[in-house]
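Naming follows writing order (A, B, C, D and E), and every chain is counted from residue 1.
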Amino acid sequence: MINNLLKGWRPALVLLLLFIIWEMAVKLADIPAWLLPPPTDILKEAIEGWGNFHEHLQSTIKLSLLGFVIGSSVGLLTAIILHLIPMVRESIYPLLILSQNVPIIVLAPLLVIWFGFGLMPKIIVITLVCFFPITVAALDGFRQTPNELKHYMMMAGANRRQLFWKLELPFSLPAIFSGLKISATYSVMGAVISEWLGAKSGIGVYMTLASSSFRTDRVFVAILFIMILSLLLFLLILLAEHFLVRWKRMEAERK
Amino acid sequence: MSLLSIENVSKRFGENEVIRGLSLDVKAGEFVSILGPSGSGKSTIFNLIGGLLTPDEGTIRLQKESIIGKRGSISYMPQTPSLLPWRTILHNVLLGQELQGNINREKAIEMIEKAGLKEYIHSYPHELSGGMKQRVAFIRALLSPQPIILLDEPFSALDEWTRLGMQKWLLDIWDSHRPTILFVTHNIEEALFLSDRIFVLSHRPSHVISELKVPFSRPRNEELLLENRFLESKRTIHFALKRSNRE
Amino acid sequence: KEKDKKDLEKVTVVLDWTPNTNHTGLYVAKDKGYFKEEGLDVEIIMPGEAGADQLTASGKADFGVSYQESITQARVQGVPLVSVAAVIQHNTSGFASPAEKNITSPKDFAGKTYGGWGSPVEKSVLDSLMKIEKANVADVSIVNMGDADFFTAVKRDIDFAWIYYGWTGVEAELRGEKINMVYLTDYSEKLDYYTPVLATNEKMIKNNPEIVKAFVKAASKGYGYTIENPNEAADILLKAAPDLDEQLVKKSQEWLAPRYQDDASRWGEQKLDVWKNYADWMFENGLLDKKLEAEKAFTNEFLPE
Amino acid sequence: MINNLLKGWRPALVLLLLFIIWEMAVKLADIPAWLLPPPTDILKEAIEGWGNFHEHLQSTIKLSLLGFVIGSSVGLLTAIILHLIPMVRESIYPLLILSQNVPIIVLAPLLVIWFGFGLMPKIIVITLVCFFPITVAALDGFRQTPNELKHYMMMAGANRRQLFWKLELPFSLPAIFSGLKISATYSVMGAVISEWLGAKSGIGVYMTLASSSFRTDRVFVAILFIMILSLLLFLLILLAEHFLVRWKRMEAERK
Amino acid sequence: MSLLSIENVSKRFGENEVIRGLSLDVKAGEFVSILGPSGSGKSTIFNLIGGLLTPDEGTIRLQKESIIGKRGSISYMPQTPSLLPWRTILHNVLLGQELQGNINREKAIEMIEKAGLKEYIHSYPHELSGGMKQRVAFIRALLSPQPIILLDEPFSALDEWTRLGMQKWLLDIWDSHRPTILFVTHNIEEALFLSDRIFVLSHRPSHVISELKVPFSRPRNEELLLENRFLESKRTIHFALKRSNRE
């Protein structure tokens, strides 16, 4: 874990290099700031505008977290139902895949009509964005439970519930966590999109305002924070995984 | 009086007739082996006893009661250790009891210590060698409350050196606890070295072609394997199998 | 004829949104060959999500459809946009609400819910209007309705929203839904700004004034034709954008035709006062960082005599 | 394969059922058509409007296919480079993950400003959407090449090139194909989004026009075709897989 | 004159000294076995010969030339068949040649047919049984142009019955082609049954504790395994190993 963080110096270096090139390019080619602001400008705006920005940030964080928790619960629940009832799986699973191809922006007005402008439609949007990777990952995990372990449990007299709680669920925790990692980063994107459905504050709102008043630097500040937020959420899940599925990591380290 | 008795059992999977008219019995406290070529239906017999499959014909009785289709009435040790990687050794050992509902933690700790795994009691399976994992799996089976333990080729995945060590260890444990064991193997030496009685199976569709009382006294040790009388018994079984193949 | 085409100057114009009756003159000028007469080969482009103003300013597009409000904000941020013609002489936008809500003047806003898109301008405009009738903007609950359209929004939670009568209002008529309008121009002169306008960038004006002149001339002719023949003009627009709803376009065109030029001496005319007033108003309301040099934000010099 | 298609009757039935419920709900609750049109209306519009619609469809198909081909090539190439040069992998891979968190709609104006209105920015958008699943899948495939096979090849004297072309690449074909399947469906969505960057025809354009002139039925026609298109592209890849990685399928059937 | 000679080779992985001063040699046309407990470094020896690892000390010569760090100078058959699942049997067999650059298709087809796999020539590996796959892997090694074949416990993953069949088949093939073979195993019976000479390895750090010329004439058949003189040789090796363990 700490090892992994330390390994991060190389990508960090590349990132720094990219920023320097960007800064130089903007300065040398004399690109106007409203077209592509140099990184230093973005940083300056991020610091100066903080007082105004942090409120937006806060509400996006709240929304992402709430949406992520609900979205991933829905995802996990869906996976469990699909797993335990094979008939439902066969009839619904292909449709779930199809559902991922409905452009969310098109659904937006319908969601507003049905659920108004409150929290509900936003949570639905984030859920739509979030649940799928978890469902897929968890289903894969359940299915990949080694046959030998299942066979042993059945021979030893485990019933369906014991089989699920004592074997299939713990076995698929690592898979579920990889699903969670993907969903976590998506949830930030989902929150920003959902804010376009009408919100009073949030990075999505901040971004539209910034772009409509030609503050490109602020648009980039928004992008910057979206990325940071995604990364933080990802790290959070990594941390949870670190403590919850110790055995898998230790096993991997052995190899 | 037999603890487990299988009478005239037959089983087919579609076209594939695996077992035809098989009968055998195990008495309480006995160590019985089933010896048969690969694919002769040994694991299928265990699945029948364990209640995962139901026979097409015949009866299976444990302590006089039919256990056809009844799961959890026997204790089982599979070919691979099948330990749950997220449980410590102690919790793995307790699993068999847990599924049946009553847990005896002290006994488990005692048994683990006796098996020489004291320092590993809170370790995870991946930290153990193959032989150690099999020991844990055996203790798990031993601790389960059921009156008979089925062992399905538990050592065939181990390398020869470890396997011999495990066989000796199993003999030790068995000598001190005397559980009832039904053991499956395709290795003649192993069957001879471990058991009181051996049922030799034919090729598919399998039935018992010969029943053999093992003539060696207990306790047995490693040197037995290199003695001439051992080779003699081995030859007997070998030719019995060969004859049945030719039929 | 092929050779002809080669001699034409290639010019792109980027719309502010999807094609609608604000743009009819451009489509007419293209269809009737007015652009060609001026030596231009014009391509009309939808901006999608890209934002017309940035494209025009950066020179990726030569001309664009914009708003006074945008250009004011843009110029303050150093974006070199210049308005060269006002498409519609007066602001046709206003606050619309279903008739049964009984919102007929700004004081009725109090206690109601306004659905906007989250810009600070909205609150200031509401404030200005309500102050006139001694009402307080604090009594209005402002909700961001994002991408939802007017009809959707007023079905849920929202009481009134800001629309262009020429499009959304006409659609309401078509649907037979009765709405009340509170026009900005009825209450405040400062808020009678130009929307939309045709814009270009400073570089274009400096380096290719003849092209700008040619473009504005042809566009002026196009809008002239539209004013005279709204029905035929609507057909031309529909031919270019067949996915639009025919009824809506026809009716909207009819409504809008007399309003392009309205009381001005010629189509496209812009007044310094309008630019100044609005910029001042924005500045006073804290919507601008700096004062606008209104003289540089627009020009009438390319309009045909 | 044919088996799989036949199995599709169950989801198809569920879908049909959904449509019937939808139709009934709309009729019974008397929902106005501009709010939520009943499926029959959508179907009618799809048929009646076909003459006008098929042009849009064609250009979206062309764009999706082109984008998909370029995007997946870029994805595969990236994977190969990252795989063969470990240092590049370590420094770039984390940044690639980060790149997936930049909202594309935010990048759009910049892309248009930098690359104009031509095909270029659209292809870039589709590529951004498409390349990642393939890169991840291919990298995973390369890495999961069984050690025993690698060991054998090395003992038998294979050099780096032989190792890659004769072992790693063919071994990861199935993984690459699962990446391709995801990317294929994404590419349609990507194409629609990219059309919002300014295009003259395409489902994206049709959809904006429809929604700005309040034709909800047409918006649903657009959604319908986006889904059909995604599905067809998915099936196309499935077909290609069917012929190219025979061995994997046969192996799976054995089990 | 020896084809392959290893002299005084040592190898350590960090703290872990695996091989210390190991010497052995193989003459052209000979079948030599290395017999050693698990983890004694047998595979490491092969990796040294194959050029994947370089020794810390000592020399490795093939036909008088040092092959330290030189890959592709020997032909190799691993423990698992390691066939490429997307290639037909024929193309798998040709792989060894392909890597070296010259392909002899006719010879390959001939060999496959001789091995009794004629009908599987265009099949894929998954259609073959474990034993068949190992045959293919051996033919692949046999067809590679290098002068010596290394076999790393090729039969230890097979079940006992298949293994015996494979051993007999290997003896057959070897009798008709007489390739030079260096064979690794931890099974005393297997080494005795197959080879001309056996090098017995100690535990880690491993070196040769005894070299043994196998006294049985060729061709050998299955019954040899059940003869008393075979048990005698087995006992010799067993006690040699036991003694070295005690040291």
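We take it that a residue touches a chain if its C-beta (ideal position, glycine included) is under 8 Å from a C-beta of that chain, and two chains touch if they have at least 3 such contacts.
Predicted model, so just to flag it, every value in this text is computed and none were measured.
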Set of chains adjacent to subunit B and to subunit C: A
Chain centre separation (subunit A, subunit B; CA means) in Å: 49
Gap in Å, rounded to a whole number, between the CA centres of subunit D and subunit B: 52
Computed distance of Cα centres, subunit D from subunit C, in Å: 38
Sites on subunit D at which at least two other chains make contact: 35, 109, 113, 211
Shared-contact residues (touching 2 or more other chains) in subunit E: none
Touching two or more other chains - residue numbers and ranges from subunit C: 51, 54, 58, 149, 152, 155
Chains that touch, pairwise: A-B, A-C, A-D, B-E, C-D, D-E
Residues of subunit C touching subunit D in the complex: 12, 14, 17-20, 45-51, 54-55, 58, 60-61, 149, 151-152, 155, 171, 175, 241-245, 248-249
In the complex, subunit B residues that touch subunit E: 37-38, 156, 159-162, 186-187, 226, 228, 231, 234-235, 238
Partner subunit B, residues of subunit A touching it in the complex: 148-149, 151-158, 162, 166-167, 170-171, 173, 245-248, 250-251, 254
Interfacial residue positions of subunit B with respect to subunit A in the complex: 46-47, 50, 52, 71-76, 78-80, 82, 84-86, 95-96, 98-100, 124, 126-127, 144, 150
Contact set on subunit A toward subunit D in their complex: 7-8, 10-11, 13-15, 35-36, 87, 90-95, 97-98, 100-103, 106, 109-110, 113, 185, 188-189, 192-193, 207, 211, 219, 222-223, 226-227, 230-231
